[in-house]
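One chain, chain A, links the two complexes that follow: it is found with chain B in the first and with chain C in the second.
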Partner chain A sequence: MSLQLVANVVVLTAIYALVSTGYVLVYRVSRVLNLAHGELMMVGAYLLVATAGMFSGDPLLALLLAAICGLVMGIVVYVVLMRWMTGEAVLAAVLITIALGILLRGLSILIWTTQQFYPAAIFGWHNPPVKVAPGVQISAASLAMVVLTIVVYGGLFIFLQFTRWGVRMRAAGQNPLLAEQRGIRLHGVYAFAWGLSTFTAALAGMLLALDSGVESTMATIGLKAFPAALVGGLDSLLGAAIGSAIVAAAEIAAIQYVNPLLSDVVPFVVLLIVLAIRPWGLFGSREQLDRV
Partner chain B sequence: MRTPTLLNFAAMLAAASLLPLDGAQAEDGYTIGVTAAMTGPAAATQAPVIEMLRIYVDNLNAKGGVAGHRINLIVEDDQAEPSKAAANATKLIRQDNVMLLIDSSLSSTYGPVIAEARRANVPLWFAGAICPKDTHPPKPDPLLFCSTGFDFGYDIPVAVDAIKAEAKEPVKIGMVGMPIPISRIGIENAQKQSEKLGMETVDVEFIPPTAADYTPFATKLKSGEPNWAFAYAPWPTEVRTFEALRRLGWSGTYLCYGHIQAEEELKRVADGGFQVFTVNAFFQDNMPVQKEIREMAAQGKYSYPASYADEGWITARALQQILTKTGWPASAEKIDAAMSTLDLDTQGLRGGPLVWTSDNHFRTKQYYRFYRYDPEQKSIARMRDWLTVDVVN
Partner chain C sequence: MSDGSSHAREMALLGTPRARVRFAIALAALVALPFVATPFQLDLANQVLLASIGALALMLLTGFAGLISLGTAGLLGAGAYTVGVLVREIGAPFWVTLPAAAALGAALGLVFGLPSLRLRGLYLAISTLGLHFVVVYLGGEYEARSTLSTGVMIDSPSIGGWTLSSSRAWYFVLLAFSALALLVSVNLQRTRTGRAWRALRERDIVASALGIDVQRFKLMAFMVSATMTAVAGALFAYFRNFVSIDAFSLYLTVQYVAMIIIGGMGSIAGALLGAGFVILFPYAIEAIAGYLPARFGNTVFALDYAAFGVVMILFLLLEPGGLIGILQRTGRGKNGSKTSSGIAS
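Coming up: the complex of A and B.
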């Protein structure tokens, strides 16, 4: 395998890992499978288009503002929609997320049409290639995706392990009843988990948009990252990263050595194999799966 | 307080009953149905066509319609899904009683729509979407017509010949497509055609529309060391593959079909090795008709850049001529007869007129232009003016 292929695997892993973080965060804390995650990622990318239009001379401010909007969007989704699903059947909550996805797709077309937008062009940035090793080049946006994914995973690890809110989040995920009895405000924790989830989704959407633009079909990338989260285990962040690497490597091997058309199918083939052997995913918790 | 409120309500009902209902309007106007990919994966190309058509028709209606009768344009979104297109066709024909059906979607939607149109004997017009063979001469289906600029049967030989003519050294070519019927057939034809002309095909990539990153496909393409690449696919696939190739350090020349986005995108990409061939003139020509399109697009709050509007404009002008020839009272049969005599001056938007006859529901000639970005001039350069190709029987 050439070094360029390794670089391609790393970039695709970063894309899937950053997107699947959101699936894991929401599932781990509230046991809800968010099937609108791809659409939320797409809206995050469109938010960058909006902020880039307002602050074209200050890309950092535009990025920061869009990321904050992404965080707020998740909290709003929880407060307006998901909060009312507390105590209801998990399936009902999942169906709500499907409806939310359809709604977001429709709204984004109404607001941004079906035109392709390039936030990088609005900033006057050309996304140059970066030489990461002799004979190995990736785009600057892809490099940013890899770095940011590492930062997000590192940040989440520290947050969940060592901060009060992180511990509350884990407690709410493990035993909500006991957590509430110990004074943890579940709605606050859930809302924050949704906010973090859409924040990471928005980051992924923004970087993808900086790399190759955004249009109304971007949400499908979210669907492609879903097998990565499942392969790793839906309640494990480490699993999401490793699952992403497995799926990305399989996909790139299929493109390079078998048939590019298989790249769409391979993530789901990997998923089927893993689920057949270990239905709760490579690093997932068996107990949690039984509960679902 | 209750009595006046009830009286008001009764008065409103009475007033409403005096207003013309949709059905009454439909009986008094030309009812045209559209099933189009207004959302979904094909919407980026199809929605701008239908939106311009709607703006043009609204404008025409504001001026009194055609022969004093309004055009009732009913647009249904099929999301490029055959089942939805079938349901739309059934609804438009049976419920809305349309006299003409327009399809602007993926070819996968054609089967059920054609079947429904044939059952009801309603003419079916493909606008901004692939022209089915049934519209071509010498024996087109009496009900099927097509005004769309591109057609792979003519596009591919023109493109491959152009590569051969421009290349100064033996051509090693990589091909890029998408796994949808038109793209696959187009690329397979291009491969055969290029081999006939002595070019070596080093790789063919059919890239799924859901690809998160185009670099892996570009890596494989580049590994064959092509000095040319040819793409015939929806615009995002064409342009993203090119950009991924460049980021990998590929320095060859890339030719692709110039969809409605091409003019804006050539300026954004700003690379001299990125060439497009198109069937419609770029708006940089600033022709009077393009000025008119710009004005109407601005007035009608067109959601896209005005340069996306040419295909919709041609469709709308052809519709106006067809309905004018049909006269009043109109029927599906009369519209079908009028369509067979279309002779539309495209006012420079294409290389010549759009002509339909009883034995040709496609066109008599096909025209192509080639453009690229000129880095020295920092503007788009026309590489080749209208190339005329006779549509053969």
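Coming up: the complex of A and C.
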């Protein structure tokens, strides 16, 4: 296995890890599986296309604005849609997210058509290859993705462990009834979790768009990050990172040594194996299974 | 049949004279339809009949047994590809391919069902989703191996010198198959199996306490449902004269799930209504798109996606009982089969 291959695995791990935080955040707090996550990530990428068009001279402002829109998007999704599913059967909530995914897919094609956009080109940025080791090159946007993923994981760890809102979020996830009785406003916490989830998804979508452009098929990458989240255990952030590494390594190995067509199916094969052996994932808590 | 005992009358599908009259009228209308419909309307009717088989199969599994599956597209694809591969490799006639598709469906149903012995609810849905991708990959791999970049062409089935190709002939074939699927569904619901499934749906622990072999009935639900779905897929291949793996995307699964939600979870009539609704929906959108600015007219499929998403959300939020629920409330569907309380968890 060459070093370049290792670098590819690291980059793909970063992509999956960044996207799968969103699955974990929402699931951990509200026990909802968000199957529209891939589409929300894609919309995040399109948001960058929109802001890049407005502020082509100021990439940082455009990125920041798109990221904030990503955060707001999740809160809006919760307030408008998911709020009504609190207390409903879990499946109904999942079906709502599937419907939302289809709606977003249709809307994004209506707004941005099926053509491919390159926000990097709008900024006049060329995404130069970076030498990270002797003979190993990855694109600058990929390097940024790896760095950003580490930053986001660090930030989320500190947030959930030490800040007031983070503790509230964990409390709401552990025991909603008790949390509510202690004065935590569940709707507020849930909305915030959705916002954080789409925020990280939008970051991932934006960097992917800077790297290789965005088109209507990007949502598939988001769906492939879901096995990564489940392999690690749906309610564990650490698990999501390790699950991402496993899925990414399996995928790259299959593409390299077996058959490129396997790319889309390998994450789901890994998922099936884990579901058969250890359905709660590597780091997930076992009690969750009966609740779904 | 004046001598019929009360038990025989209870068990008869058409117990009362009124039910028999209604059935006769419905049958006459169905038989007359292909002779009065335009070719376009006939094609729509055929599509609805074909979809109703898959919708009934999913309703048996999810609506009755409470087992969630996102594998419909994979199973339809497996049935269609059985036909494609057998026709292309050995030139098999339909009386070989259809039973083969059914057998493969039953086997896949067993495989799809195995996770249900350990997993419930969401996790089950996810494992069937994983199997969907495996089936789609295998189909794509076959296309790539046999250098068929676009798919497999399939001749219309023929018996002796007669070929099944006209829309009208297809209508009666599909009507027969969907009537068979309907009969199977109705009868399964009324037997010990159907009652066992309903017990499973409500609470599987109680079901096992009642002496129901939970594992056996779960696997049976998957196998019956998958067999019906695979046969529908095989019919689809002959109906379209063409199989391509692109037709069996996740969106197709979502459409079938939408059929049983929009129709009304737990109701056989709901599955039929839902199939009609979901199949006709894009055509309605297309008709509406004709009045919209050209910008939207060019991307009708996207408009269709968006509108479909909205309709699904509205049903889930506002009318979990589906179309059947609406009919029952307005009183016209008094005699329709009872819907369960929304979506099984």
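To be clear about the criterion, the second predicted complex is superposed on the first by the 292 of 292 C-alpha atoms of A that agree within 3 Å, B and C clash if a C-alpha of one lies under 4 Å from a C-alpha of the other, contacts with A are read in each partner's own complex, and residues count from 1 in each chain.
Methods note: a residue touches a chain if its C-beta (ideal position, glycine included) is under 8 Å from a C-beta of that chain, and two chains touch if they have at least 3 such contacts.
If you're wondering where the values come from, they're calculated on a predicted model, not measured in any experiment.
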| item | value |
| --- | --- |
| Partner chain(s) touched by A:L12 [first = chain B, second = chain C, both, neither] | first |
| Partner chain(s) touched by A:A133 [first = chain B, second = chain C, both, neither] | neither |
| Partner chain(s) touched by A:V94 [first = chain B, second = chain C, both, neither] | second |
| Partner chain in contact with A:Y118 - chain B first, chain C second, else both or neither | first |
| Which superposed partner A:F268 touches (first chain B, second chain C, both, neither) | second |
| Chain B versus chain C as contact partner of A:L107, first or second or both or neither | second |
| Contacts of A:L33 with chain B and chain C, given as first, second, both or neither | second |
| Touched partner set for A:E215, first chain B, second chain C, both or neither | first |
| Residues of chain A at both interfaces, chain B in one complex, chain C in the other | 105-106, 109, 113-114, 261, 264 |
| Contact set on chain A toward chain B in their complex | 4-5, 8, 11-12, 15-16, 105-106, 109, 113-116, 118, 121, 127-129, 137-139, 142, 208, 211-213, 215-217, 220-221, 223-225, 251-252, 255-256, 260-261, 263-264 |
| Residue ranges of chain B in contact with chain A within the complex | 38-41, 43-44, 47-48, 179, 205-217, 219-220, 235-236, 240, 243-244, 246-249, 261, 268, 303-305, 308 |
| Residue ranges of chain A touching chain C (in the complex, touch as defined) | 33, 81, 84, 89-92, 94-96, 98-107, 109-110, 113-114, 227, 230, 259, 261-262, 264-265, 268-269, 271-272, 275-276, 279, 289-290, 292 |
| Touching residues on chain C, where the partner in the complex is chain A | 68, 115, 118-123, 125-127, 129-131, 133-134, 136-137, 140-141, 144, 251, 254, 257-258, 261, 296, 299, 301-310, 312-313, 316-317, 320, 342-345 |
